[in-house]
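Once you scroll down, you'll see the structures, which are given as structure tokens.
In what comes next, chain A is part of two complexes: it sits with chain B in the first one and with chain C in the second one.
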Partner chain A sequence: MSEARRIPFNNPGWAGNTGEFQLTEAQVRGDEYVGKRPPEGGHPSGTSTYPYMLAEKDPEAPLFEGAYQERFEKIRSRYPDARSALLPSLGMAQELRGHLSPETMEQVAQLLGLSPAYVRGVATFYTMYNKRPVGRFLIQVCTNISCSLCGGDDVLQAFLNNTGTEMGETSEDGNFTVMEAECLAGCGFPTTVQINSRYYENVMPKDVPEILERLKAQGE
Partner chain B sequence: MAYPYTHEKEVRILSKHFGEPEARTVEGWKARGGYQTLSMAFEMGRNAIIDEVKASGLRGRGGAGFPAGVKWSFMPQDGGRPHYLLCNADESEPGTFKDRELLRWAPHQVIEGMIIAAYAIRAEQAYVYCRGEFFETTQILARAIEEAYEAGYLGKDILGSGVNVDITVHCGGGAYICGEETALMNSLEGRRGTPRIKPPFPAQAGYMGMPSTVNNVETLSSIPFIIQEGADAYRANGTAESPGTKLFCVSGHVRRPGNYELPLGFPLMELIDDVCGGMKEGRTLKGVIPGGSSVPILNAEECANCEMSFEGVIAAGSQLGCAAVIVMDDSTDIVKEVRRMVGFYAHESCGQCTPCREGSAWAEKILRRIEEGRGTEEDLDTLMEVTSQMEGTTICVLSDSVAAPVQSSINKFREEYLSRIRTGEKAGVA
Partner chain C sequence: MMTDQQSPQTVTMRIDGREVTVPTGTTILRAAESVGIEIPHYCYHPGLSSPAMCRLCLVEVEGWPKPAPACKTTVAEGQVVHIESEMAQAQRTGVLEFYLLNHPLDCPICDQSGECQLQDYVFAQGREHGRGREPKRVLGRDDFGGDVLFNGDRCVMCTRCVRFMREVAEDERLCVVERGNRAVIDTFFDEGLEGSPFAGNIVDICPVGALVSKDFLHKARAWDLDRTPSVCPSCSQGCNITLQTRDDLVQRLKPRENMDVNGWWMCDFGRHNYEWINRVDRVEEPLVNGETQGWPEALGSLLGRLKEAKGEVKAVTWAHSTNEEMGLLKAMMEELGGSEVVYRSPRTVGELQLPGFPLLARREDLAPNVRGAEILGFTRVGDEEAEGGLDDLATHKGVLIVVGDPLEDQNENFGAQAELFIYLGSYLSKVAGNAHYVLPTTTFAEQEGSYTNVQGRVQRFWPGIRSPGSARPGWLILGALFAEFTETEAPIGADQAFVQVAKGVPEFGEITYRDMGTRGAPARKSAGVAGD
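The block that comes next holds the complex of A and B.
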């Protein structure tokens, strides 16, 4: 396999890369197929799928202006009522700001004509909404049953050791927050790790330093 | 280039094009025979589609195994109110990893199935409720849907038939319980994902109080083949009670874990020993969870003659669920793994029902105490009692999912618990 085709680590984003196959990481992840999607959201059917977990976050970013305003309206147009657009709107607010502060929730509430208390009640129900700031890279390691059987706890520990953080805390350089995750639906390729919007599969403790280096260098 | 891993015993219908990036494109899908069933379906008409799906015997792949055609026939026949089709892509049951593969390798198969299903149940709007973590997967799905619109397979007056179908991808916020169909509808409405009391059933009052049908990704992916080849061809695989092929998600201590598409009824031990290459070097089988973490554990003896069909796994003492086969060898620390699974359910309980909220938290606490060598023998009785009060007493069956691993593991691996309690040692763990 030529260098360009070699997939780094065991298998980022690839299910079962211990067998014989020749696909690039981009082919596996679908990057080539998806291409660069327009900032205003493309076709409204898929507007709510935008990459919500970006490395660059601005807690002061306005809600929602320019392309984001357009996306918000497209999302809103796909549901019979405003309330149904709440989860995608919270996702978009988090994409911009990195976490959902009480003020952010209040603003989203206003945009959808809901009460702030209601929005808080909903947002706190779901684990993906960060209630406080996280690092540029949010690293979520699955330690549920299938990963646990294959050493998930060791992978979690390796991420904590190599970033020098405690669970849920952000590293001093602001780069990394490591958390334990529930099953990520990659159980056949343990251990599955989600880093921002991407999956890394078949991760072993020995891969961890290289993954962290790659994140710092390439931002993904 | 084969999708790792493949096996010659597989019957690849749903997974035929896994590992082929070109199959994701609308052109690539058409070149592989895709999208031919739409005009066939519109010509057949709604009742004939539902009859064909009923005749195929296709059972829901989301866990409960309810016949898909029968579910569709519950939808009201008269017009007036909007109907909704909801594709359940919340895939969060520990051990399950098939829907993600179906969505990212064969997105048009799901879309094609959804268009036919939406037409059959008179829905013009369909949603795919994807778990929020699936960013990469939903990007692929969204692109595929966009292409389907461009090609005229979605939107108004599809292929000049007068049929209208819109599909919207909706991303969840990270909550296992949203996979339960009524919680999914609440979540889609922008509420907390708490299950609703049934009745009313979704076909009467679902999303926005309107008639709705919830189907799993794999169920909907099976529809194009049934329309194309007919119910008899579909029944050529599987058993009389569990027709067709199924993606088996095998994880844990086998040499070649992965998704394998096999006829329902396939022997469990053949799946492990042959298809998945057997146990890892020098290891022996301790137990198998055959249907995702919410079904009872089978010990090695029970696995011996277990056939992987809905009825076969019940006969062996567990349930097929979503066919997530978690294989455990003799190095497995049962107490720890059960505690981990129960901890998951305690975390994911929506908190509406006292037996579930309190029971799962207590069960986790007691299990942790035992794991750390601080348990007593009475703790086992307490666990059995607490979990027996969690069965059949709650709004949804998440509560029962705690009882299954706890009770089955105490019944089948009692010695392991006792040794942990008496000596603090992991006896029986190689």
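The block that comes next holds the complex of A and C.
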């Protein structure tokens, strides 16, 4: 086993205090995979690869062009029924534009020959599709049972207070959107917070300012 | 295992102690229906797919570990189903309690009240008191466009409306937005239902007051309405409908199931074209040269004048006349040695078909009895608006008979030169002012009669409201005149009038009112009439 793949035993992410994963993607996925997947999607079988990497998304980006067009066609060709291709297509649209506006839903509907109402029904069913623009960092705080017992609601409140936002709103600097999430499957390490594609575990209200500071630094 | 005697096509099982034999593949819900037992349900509708998502139809099946949704579970040989067992009742009571968690309980101001399946089921088997302590979720109202108003808080999320738009109208404008306790029915943002010609049906199939008709909003309570089986008079499809009336006014039209004509549906055009039935500017008493007279005197003197009349007899009617009226008019004309009868009917371009039930389409002929007139050999004149085409009648010097058509498009000199001008109609139009005899007739909503629809189906309707004054059905007036003329027996019921009419018409053949029942009977095809 290569060094890169070994997961360090003492990673604070497992049970440490601030609970932030220190692993690189290469450490988690193995290095033969990392780097071979270009941001616009890589292998056509992959669908929405980076749903939460929302930093510089262009809400007007064309649906779809170039590599995205190829991926879209590949996805479409895989199913006899256009409805089946809807989830990955919406995923790609969100990957490009950051969120699914009514116009985006309508365009995707048109591309797949579906009714816009049907697309809206599907897009709103899934919480991982953003129906509004979100900040550079999408902060999802679990308040389901385990996290709730360990103060998840306080953590959520701390994020809201420290970012100065209301639930689901984006902070003025465009950095943060805080949302409540149902179980993130991190029940062993409550409170679990997902920020973009990263998990922060054992988060307590007192950790919040520091996390936000570091994110801000990262975002600049 | 099947025994030799049993046909593999049927299954015998028991529902609440009753033995039921139904075809293989029947659902428990349908099997129960076949012996007159209704299992409470929301999401199931015979005209739609069955998602088994409302869970109200859960029943106990002996030997099964869990309750089964009756709408989706097919029957099996020897199966024993309980609908009213303690377990099955507990299921229903429990499910109903959930339905009321967020329901506003606003029956006093809800149009569905009295015909609401939530009200009925909860009254029958719900808990007496709710146990919820949390505030209720409030969604408010949303105007869906067209005639449809949505009250989100009353919705039970059965998705019948969504499935109707998807599967039957094939115009998927509705969806469930969000999920779980945030779920709500909506259109694509502001798109609405405007322009969807069959959207009114979702109001009918909504089991609760979530979708209501704006036209009917707060007009009448369901229990104050009288319901009369009838036939839509707005096009030649002849959808089977129910006239819902109150105080002798039609309040709304609802479709009536007939799988040979309209399924469970009707179009919005027909549904909302009823105000004219309530017109109050009616002729109420016979007028002879402008003077009110009783029927015996009026008909008596008319008979005399008809016998004396020398000129040629011409007649015009419209495609709103019944088979009986038209048939007796024809008989009368033959007796008087008159020429052919002409009729007029409005026509539009293009049919509006209901994709999920292709038998039903809003037809091009916008009157109910065009096929009846064709079968009787009447000649169609006039244009698409049912105007014009009567030039030779307008200046006719002999006997002129008008049945039904108020001739609104004609000028005030129409018939002024006629030797004898007889007008049988419901409205005193300016043309009727020239008539020597104005004989008030009832509308289709006030009489018994029949229409022949575009498929050649003869369909009956019944009187739903009382006629004003002493207006009489056209067949009664024409029948009496004809009988006096020929010294025969006059028909005293519409059924007799139809038999008399049908005698000389091979297409109607032996059909009687009894054969037609509430769902009509097909006329025999004839070479003279365009087939379908």
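We take it that the second predicted complex is superposed on the first by the 164 of 220 C-alpha atoms of A that agree within 3 Å, B and C clash if a C-alpha of one lies under 4 Å from a C-alpha of the other, contacts with A are read in each partner's own complex, and residues count from 1 in each chain.
The definition used in the following text is that a residue touches a chain if its C-beta (ideal position, glycine included) is under 8 Å from a C-beta of that chain, and two chains touch if they have at least 3 such contacts.
Keep in mind it's a predicted model, so treat the numbers as computed, not measured.
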{"item": "Touched partner set for A:L90, first chain B, second chain C, both or neither", "value": "first"}
{"item": "Which superposed partner A:P59 touches (first chain B, second chain C, both, neither)", "value": "neither"}
{"item": "First (chain B), second (chain C), both or neither touched by A:E106", "value": "second"}
{"item": "Touched partner set for A:C183, first chain B, second chain C, both or neither", "value": "first"}
{"item": "Chain B versus chain C as contact partner of A:Y199, first or second or both or neither", "value": "first"}
{"item": "When both partners are placed on the shared chain, which of chain B and chain C touches more of chain A", "value": "B"}
{"item": "First (chain B), second (chain C), both or neither touched by A:P80", "value": "first"}
{"item": "Touched partner set for A:A117, first chain B, second chain C, both or neither", "value": "second"}
{"item": "Partner chain(s) touched by A:G174 [first = chain B, second = chain C, both, neither]", "value": "neither"}
{"item": "Common ground on chain A, meaning residues reached by chain C in one complex and by chain B in the other", "value": "114, 121, 125"}
{"item": "Partner chain C, residues of chain A touching it in the complex", "value": "102, 105-106, 114-121, 124-125"}
{"item": "Interfacial residue positions of chain C with respect to chain A in the complex", "value": "162, 166, 171-179, 186-189, 191"}
{"item": "Touch list for chain B against partner chain A, complex", "value": "1-5, 19, 21, 24-25, 82, 91-97, 99-101, 104, 130-136, 138-143, 145-146, 149, 154, 166-176, 187-193, 208, 249-253, 256-259, 289, 293, 324, 326, 328, 332, 336-337, 340-341, 344, 347-348, 350"}
{"item": "Chain B-touching residues of chain A, taken from the complex the two chains share", "value": "13, 15-23, 27, 29-30, 32-35, 37, 42-49, 51-53, 78-88, 90-91, 112, 114, 121-123, 125-129, 143-146, 148-150, 182-190, 194, 197-199"}
